[in-house]
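Have a look at this one.
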Amino acid sequence: MTSAVDTPAEESARPAPPSGLLTVARAPGWVRYALLAAGLVVALWLPNGLYPAVAVDILCWALFAVSVDLLLGFTGLMSFGHAAFWGTSAYVTGLVAIHAGLPFPAAVLAGALAAALLALPIGYLAVKRTGIYFAMVTLAFAQMVYYVANEWRSVTQGENGLQGVPREFFGADLSDDYYFYYAILPIVLLGLLAAWRIVHSPFGRVLVGIRDNPARARALGYPVHRYKLTAFVLSGFLAGLGGGLFAVGHRFVSLDVLHWTTSGKAVIVVVLGGIGTLWGGVLGAALVVRLEDWLSFSGFEAIGLVTGGIFVLVVLLFRRGIWGTGSALALRWRRPRRRE
Amino acid sequence: GGGGPQSGGDQKLTGDKIVLGVLNDQSGAYSELSGRNSVKAVEMAIADFKAKYGDKAVTKNISVETADHQNKPDVANSKAQEMYDRKGVDAILDVPTSSAALKVADVAKEKKKLYFNIGAATTDLTGKSCNKYTFHYAYDTYMLAHGTGTVTTQQVGKNWYILYPNYAFGQDMEKSFSAAITAAGGQVVGKDGAPFPNTSGDYSSFLLKAPTLNPKPQVLGTMQAGAELVNVVKQYNEFKLRDKGVGLAVGLMFITDIHSLTPAALAGTTYTDAWYWNFDQQNREWADRFQKETGTRPSFAHAANYSAAMQYLEAVQAAGTDDADTVVKGLEGKEVNDLFLRNGKIRAEDHRVIHDAYLAQVKPQAEVSEPWDYVKILKTIPAAEAFRAPSADCKM
Amino acid sequence: MAGQAILSARGLTRDFRGFRAVDGVDLDVAPETVHALVGPNGAGKTTLFNLLTGFLPPSAGRIELAGRDVTGLPPERVARLGVARSFQITSLFPQLGAREHVELALQAPSGLGWRFWRSAKLMRRYRDRADELLAMVGLAELAEAPAEALAYGRKRALELAIALALDPKVLLLDEPTAGMGLEDVDRTVDLIARVRAGRTVVMVEHNMSVVGRLADTVTVLQAGKVLVEGPYEQVRADERVITAYLGAADAAH
Amino acid sequence: MLRIENLSAWYGEAQVLREVSLEVAAGEVVTLVGRNGAGKSTLLRCVMGLHPGQRGTVSFADRDVTKLPAYKRARLGLGWVPDDRGAYATLTVTENLTLPPRVGPDPWPLERVYEAFPALYSRRDSAATMLSGGEQQMLALARVLRMGARLLLCDEPTEGLSPLLVQQVGDLLREAKKHGVTVLLVEQNLHFATGVADRHYLLAEGRIAEAMDNSEVRSRERELLAYLGI
Amino acid sequence: MSGFLQNTFNGLVGGAFYALLALGLAVIFGMLRVVNFAHGAFYMLGAFGAYVLLAEAGVPFWAALVIMPLALGLLGMVLERAVIHRLTRLDPLYNFLLTFGLTLILQDLVKSRYGVQSSPYATPTELSGTVDFGLFDFPTYRVFILGFTVLLCVAVWWVLGRTRVGMVVRAATERPELTRAFGIDVGRWVTPVFGFGIALAGLAGVLAAPMRAVNPLMGADLIIVVFAVVVIGGLGSIFGSVAAGFGIGLIQAWGEAYLSDFPIVSQTVVFVVMAAVLLWRPAGLFGREEAPA
């Protein structure tokens, strides 16, 4: 169908773009505002209905998922090593908070910047490949970061984890997760807004073009690798934002934040929520975090069986994820059936 | 044992009930050493407590909450908070994995609720991370090294080669072992930190090196645990080190590890045990009850969970209240003997719970007369010797 | 002529694992002309295009654009320097609408594409120009349709609109009329004739009538080498071209 | 040889073929002409058994093959030259040629194929998608000849070929015909079509609008061209 | 000298496992464009199966060496038919995700039935001795592994690269419809190849049982190293995967032996090599630049 004569190297065989893209954008304005308002109300209410620590986790994971979706859904790159950024930021945030005693937003910012910095070399190497290669390469690099953190005990405390990360905020008492939730909510909303802005910016348009046909984008004069790298770094920053908040939220950091299962979980969250839907990631985060919380008290031992099973089902039956399926159904409902 | 409630007030117990929380690994690497069977052990303790006090008990409303922390400290963190805050848990038990254990100690301190750690080995729990509400039961790296290092040096060979996984636990173990060996008149002729985690599962370069050292080591001390220990031992046998005159000592081994490797692969290996189910009649009777409940023999962690639950309930009974500070006061300095704690004492200085430990040796296959009866006890190490002196790092 | 050539190649060579697809090609494209590249299948025309636009690095040789050495530059840089191309095998963004294609192309030189903190509504500023270009290629009514839903001939037209949107100095068209119906071919020829003013066009084409109507100069490639070069009528009559390419009974379809 | 009766086909809800019936006798070359999107390629895919949404009957060599899967139809002697040329990226040129089993009484030996297409010979060990557009077209045609298919379904085999090669393809089809091969040809190039074919069907909006013979096509060429060119 | 040779030998044995696993991955990827995340889980099933056969039916190692690959191959075929096959037309990422989910399921299934403790498995008595190489002696079992693996890799390479089988399967994977139109019953070919790749993983598992801890998580981290190995060798390149597998095994063994003060080296060397390869030859050492992703 395509010939490598026209589009050399692997770009010729780019994967088909995931479906379900940008469907929501076509929903009428009032629907979008209603959804937004509903989302805000839920976000404000959340720690009253859920255990606040769980609500905090949901916020952090929402950012993480959105950062992964920014790459997967809008750039066509599946990072299976995003734990590297989430985790690095968690460590840096923790260290800064412990040793410099800065207010936590500053520490989190430092962590996110560190994550973005790390995303630069990893991204530089990884964006040379696409599709499944990209997934494997990011996975491998993340594993490398994991080992380095594991060995660098003088800094990371190795297996024991970085204990006692303070929640310093100009002396305010945030030790109760309930208040802490409201303290970080603005940061998280800002992060989500940033992701939304990126997707709906001229830059985001170029990314979608690159995702669909990189060779064509190059012929238009877009430096594809640099765009991808920029997206990667931005995504690393957002993941770092989530990771930093996660560290402060739990008041400590362990190696788990860098483990590949964390990367895998992030992808699960995005796929469950809906690839390329952005808000789907938030929904997915809420569901997965809540589900895990429930499972660990349920006495049901095979957590992997449930998460793995859900995952398989989603991949087989609902590839658009919850958000994608929902909006597709809504659209169909508005315009019942096209005539033959 | 103490009598009934000292003052008859009914509202001494929050919500007129006692809730014990077992927070441990129910699906991962430690789920068999403790896991859901620890919950069973705690339930046995509650039953025994109720039987013992009958109507005199502070309350009949004693229950167990349990959660799986999947060996993840962040999960442990939220679960512990949730247990204390929402599930009304008065004391959390077990918590294997050092990072999770340390994290929960933090939570206990903040929430001012009791915490009995059983599953973790790190001495930090009674060192720089100690706190008023945390008690460390069962074992720690010092205990493991001290017993095995001293006795094996005296009885098997003076020259050691130590192989340890290169992370906090392994490094800790290596230091403690080296100290114990030197103190007993032995010598560490070589030591190597193997990668941790060791994905390749291969230890052959270390095992090849061992017999070529000068002077030749008589004992290979391996500090690996769980699956990594299994790898080391399998390859130890493959390279026929025993035939080459290098014996085996293991830093941390559970009865389940012996079961995995089979006694044949380990015959003659020495290690320190905190408790052994077939040590005496008392243990054996309890082990039989346990087997009826669970279908398997108990590890020392199960017995320790039972004991910790029992001691907590006794303390509440004695104090007549579940107020944490009062209960802690009652526990501190208490001397106890029970199923698990022999010549036990709950040290006030660092909340280390000390007790007799045992130097065990794996029996040759021929001497194994029933399932799970894999070791003989070479020596009982008295409580005072088995654990380190209170650390100066610990400031309550 | 070499002095004023806007696009020139010297000794351009490209090997694929021991196979030489382009073999020491010297090419000079005079400014503001239409230069056709013809030759048998597999002669190396598309490969030559890929070399000229930076999609493939040459194994040897040198490429100059208006006197500037562009050898080995990546495609996006070459494009920035004013060289636009279309693809022999249609290459679009399947999920984007026709207008969005053109807008993306119009935006490319501006650096607006980096503004990840601005709203995509900024791109509206290109709308009028985009609609103009779409009208030019006969796609005015189809501005909203996603590319994957367009019929083959429409896709080719969109390719052309995109290339024009870059307002290139040099326009490289790879078989712009392949797969088009007769009327579309005519329309395309007219279009090229219109847009060539102030531009240089290099095109690969098998349709000799199209070549005849448009080309000032024709270069015939064979087996990676230049066989003949000259004005259309002269090339067409050349004995070597007839045996290698046109065939005895010239089929001017 | 080939008989199609009341064939209808859909893409999802959109119907692209409507009750098409046509017949090709043994040894005949028949073309199918029609505008872009008329459904010509779809018709060939239906004959090959590759189109899921279809109704009607297809019989080949007096045998109803409507229910047969594609690979069984191929084994009966149907050879398909797809419109996208169908070159395998992961196979070399030689492998592309030797992949299909031999199905007919007169399969071409490899040497003969390479003799007819020297360009392919020189690229025999390259991955097939590395070939130029025209070379891929040759490969697709050469492949069904090597199979020895009895009925060739050729979808625009001259697209992108140089004038010289177009003539060669014409020669090849005429020669195949001489050896008793039947051809159903989809073609935009009327000039070429009249050169090789005996009869023509005009497909419009999913129906057979007209059946014509060569002379009729020649006399109405202008009109037809205008029609086909939209 | 003999120490160096011994370490080299060990590196090759360690590499043999990487090579076998990478080979299975490469076969599946090269033929079906599926990156099988569950490969590590099947390796684990191979080892575990050997244990279960021995413990519950007294089936010895040699028989397990035949039975397990066959059984897993069959399971692989069922899987391919039931699920993998539905996704082959989509972005290969979906199959990557699917097999990731499958990994979680398989691990947990084994875990909930047999627990997480390592299960006992002894070296077969015929192979439990040592072979004397003059300069040094070496466990017979390791010699066996090395010889067996090399033979197997050569055989697979020959079958897939030099026979019609490989060709048909590559074609069937790339364009199933087209291939059907050429008279080839695609389902009959692709499914067994997937099964075969899985069988290779199972075989590696059985071979590992006597020398590695047999537990539900044994394949989990290993598979990531193997991914790096195939990226180094060139994904889909049979020869590249095998060569890179042995190469990484060697480097790790030497690193462990001579840089034992820096365990980080042997842990990360594979990733560092991968980064270098990506910089220098993005398609991998033996991958084809043009190979589609």
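The letters A, B, C, D and E name the chains in turn, as written, and every chain counts its residues from 1.
The criterion applied here is as follows: a residue touches a chain if its C-beta (ideal position, glycine included) is under 8 Å from a C-beta of that chain, and two chains touch if they have at least 3 such contacts.
To keep track of the chains, here are their UniProt names: A, E = Branched-chain amino acid ABC transporter permease; C, D = ABC transporter ATP-binding protein.
Being a predicted model, the structure only gives us computed values, none of them experimental.
Engineer: By the touch rule set out at the top, what is the minimum number of steps from chain B to chain D?
Structural biologist: Minimal hop count between chain B and chain D: 2.
Engineer: Count how many hops through touching chains it takes, at the least, to reach chain E starting from chain A.
Structural biologist: 1
Engineer: Count the touching C-beta pairs: is D-E or A-C ahead?
Structural biologist: Answer by contact count: A-C.
Engineer: With chain centres defined as mean CA positions, report which chain is farthest from chain E.
Structural biologist: C
Engineer: Determine the centre-to-centre distance between chain B and chain C, using the mean Cα coordinates as centres, and give it in whole Å.
Structural biologist: So the centre of chain B lies 75 Å away from the centre of chain C.
Engineer: Please report how many Å separate the Cα centroid of chain C from that of chain E, as a whole number.
Structural biologist: So the centre of chain C lies 47 Å away from the centre of chain E.
Engineer: Determine the centre-to-centre distance between chain C and chain D, using the mean Cα coordinates as centres, and give it in whole Å.
Structural biologist: About 30 Å separates the centre of chain C from that of chain D.
Engineer: Which chain C residues touch at least two other chains?
Structural biologist: Residues 46-47, 88-89 of chain C touch two or more partner chains.
Engineer: Which parts of chain E, given as residue numbers and ranges, touch two or more other chains?
Structural biologist: Residue numbers touching two or more other chains: 108, 111, 224-225, 263-264, 267, 290, 292.
Engineer: Chain A: which residues touch two or more other chains?
Structural biologist: In chain A, residues 1-5, 8, 13, 17, 151, 301-304 touch at least two other chains, as defined above.
Engineer: Taking the touch rule as given, give the residues of chain C at its contact with chain A in the complex, in rising order.
Structural biologist: Its residues touching chain A are 46-47, 50, 53, 55-56, 74-77, 79-80, 84-85, 87-89, 91-96, 100, 103-105, 107-109, 112-120, 122-123, 162, 166, 174.
Engineer: Tell me, which parts of chain A touch chain E in their complex?
Structural biologist: Touch residues, chain A against chain E: 4, 8-10, 12-18, 78, 80, 125-126, 128-133, 135-137, 139-141, 143-144, 147-148, 151, 260, 264, 267-268, 271, 301-305, 307-312, 315-316, 319.
Engineer: In the complex of these two chains, what residues of chain E are touching chain B?
Structural biologist: 3, 6-7, 10, 13-14, 108, 111, 115-120, 122-123, 130, 139, 141-142, 208, 210-215, 217-218, 221-222, 224-225, 249, 252-253, 256-257, 260-261, 263-264, 266-267
Engineer: Which of the residues in chain E end up touching chain D in this complex?
Structural biologist: 30, 164, 167-168, 170-171, 173-175, 177-186, 288, 290, 292
Engineer: Sort out for me which residues of chain A touch chain B in the complex.
Structural biologist: 51, 53-54, 57, 150-151, 153, 157-161, 163-164, 175, 177, 246, 250-252, 254-257, 292-293, 295-297, 299, 301-304
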